[in-house]
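For reference, the structure is listed below as structure tokens.
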Amino acid sequence: MKRNDAAIPPQGRHRYALRIYYEDTDAGGIVYHANYLRYAERARTGALRDMGIPHAEMTEQFGTMFVVRRIEVDYLMPARLDDSLTVETTALEVGGASLTLRQDVIGPHGQCARLDVRLACVAPGGSPVGGSKPKRMPPRWREALTAMRDAAPVGAGT
Amino acid sequence: MKRNDAAIPPQGRHRYALRIYYEDTDAGGIVYHANYLRYAERARTGALRDMGIPHAEMTEQFGTMFVVRRIEVDYLMPARLDDSLTVETTALEVGGASLTLRQDVIGPHGQCARLDVRLACVAPGGSPVGGSKPKRMPPRWREALTAMRDAAPVGAGT
Amino acid sequence: MKRNDAAIPPQGRHRYALRIYYEDTDAGGIVYHANYLRYAERARTGALRDMGIPHAEMTEQFGTMFVVRRIEVDYLMPARLDDSLTVETTALEVGGASLTLRQDVIGPHGQCARLDVRLACVAPGGSPVGGSKPKRMPPRWREALTAMRDAAPVGAGT
Amino acid sequence: MKRNDAAIPPQGRHRYALRIYYEDTDAGGIVYHANYLRYAERARTGALRDMGIPHAEMTEQFGTMFVVRRIEVDYLMPARLDDSLTVETTALEVGGASLTLRQDVIGPHGQCARLDVRLACVAPGGSPVGGSKPKRMPPRWREALTAMRDAAPVGAGT
């Protein structure tokens, strides 16, 4: 954490707030299940931006971006129209070219969903066929994400 | 018409079928209103492809693409989960670098929506600030679209 | 405006801020055109909520809701990933059971889109076939919306 | 399979075709990752409908519906604009009130994604707080789904 000027969120847990509109719901009267992945992506983007790792810098300065490799999502309780949700993001694992985040979506009555998201750091614009090649994270990012992971209380996020 | 090898739809009216899934609906139990613009775009893409004007040719061979400049949409009757809809597309106006389509969305109980969509033919990748510059349609496309417009019965689509 | 306790936005112009994420963009590198209708709906909901007319009250207390009858949208300039947008909402017309709003979407380089949206006040749960019947707005809402319209400078929104 | 009149797909593998439009893609030039969950849901709905278990019958006749409890998705290769995709659905596990499907999304250059989706059979309209209570599947459905699972070659879907 030392000399890193990134803003690590308190206890390594970043919070992102959003509200549910009609566009988010389905005919079952609840939030459409695929949309939780959109909220998680908004929250990840916000977390990285708040830590000083915005998209623009990623691609323009370092020629890298994060892509999603795998997601596990557990649906625990439905969210509904007008609900205010919070996405809480913590870092589970930080590798040389990969990153696993835990993202808990909390609603007014309790936890709605938990997502574990594995991201790979790649060079953008890979071939149409094979996808993109992994690329090591710039050291400053890795330090910031490691500091985020280390800031979480032991046993947190389980 | 004449030497044009494009497949003009009968009576100048292209039909595109789609079905309504949960993703399309909202908590009101009906199709979310913005989604009609998605269906219209699917139908336009299908119409152009069926007439021999696919996306790939547009950008790769001619360096042009259509962008939406204006849409008027009237919502007439809601569509619901599991409904089968048809989007009927006709050409209202064909200009040198622009095109106005009428797109009627028909459901099991009657017409759900009518969209009048004005498209401009542009060179892709315009400046981030000013948008894209208009560019004349390749003659073969213009002929095909004019033939589509002329194939509609007089007074149709009104 | 008199005795109405609703919070009329300054100069009758409500502002709603949002940011563009990957979910909002398309392969053209810009915001997908149908999404402006989603932003406008978020902004309308926020405007009504801020004025003391939330969804919940609409349906639970008065048995009414607003549905979209017609939208005209002009696309003026593309918005892009990471852009911060503001949706500015003014009331153009306030009728007994209808309402026309103007919604301008402003990006970092200028205006991206203008939407004129006509809403009808209806009783929810109309028949599957015929849609919903118009229903007069509760007086308190109509007063608030009329005050919003009257608070705009003459000639504004044109 | 015996006396069951449901149409079990050959080798227990249902195929659903779809095409990628602008609405499906993002500024990275590829299909937005959350959309694979939408395609999987379209394909599940199609599979159940083709097997004689449509939504309408589920809710109206039996008072049950399937909800998603958990999804694991691996992203293997990006899909792009205009691609034709096939979603192949097989039944991994069939329980009394639950169901696990494997859904492979295949593109023109190979497999794009694999989703394992666990569904619960519930009574619709559970409480806002606690979600919906599990409910046993009607015997006819369970027979059809078991027949689908048993029709897959041993070792398939691994």
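Here the chain labels run A, B, C and D in written order, and each chain numbers its own residues starting at 1.
Here is the rule we use: a residue touches a chain if its C-beta (ideal position, glycine included) is under 8 Å from a C-beta of that chain, and two chains touch if they have at least 3 such contacts.
For clarity, every value in this text was computed on a predicted model and none was experimentally measured.
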{"item": "Equivalent interface positions on chain B and chain C, same or different at half", "value": "same"}
{"item": "Longest centre-to-centre distance from chain B, chain (CA-based)", "value": "A"}
{"item": "Chain pair showing more contacts of the two, C-D and A-D", "value": "A-D"}
{"item": "Between chain D and chain C, distance of the C-alpha-averaged centres to the nearest whole Å", "value": "36"}
{"item": "Computed distance of Cα centres, chain D from chain A, in Å", "value": "26"}
{"item": "Two or more partner chains touched - positions in chain A", "value": "22-23, 28-29, 34, 38, 41, 80-81"}
{"item": "Complex interface listing, chain A residues touching chain D", "value": "28-29, 33-35, 37-38, 41, 65, 67-78, 80, 109-110, 124-126, 128-131"}
{"item": "Contact footprint of chain D on chain B as seen in their complex", "value": "21-23, 38, 41-42, 45, 54-56, 81-82"}
{"item": "Footprint of chain B on chain A - complex, ascending", "value": "22-23, 25-30, 32, 34, 80-81"}
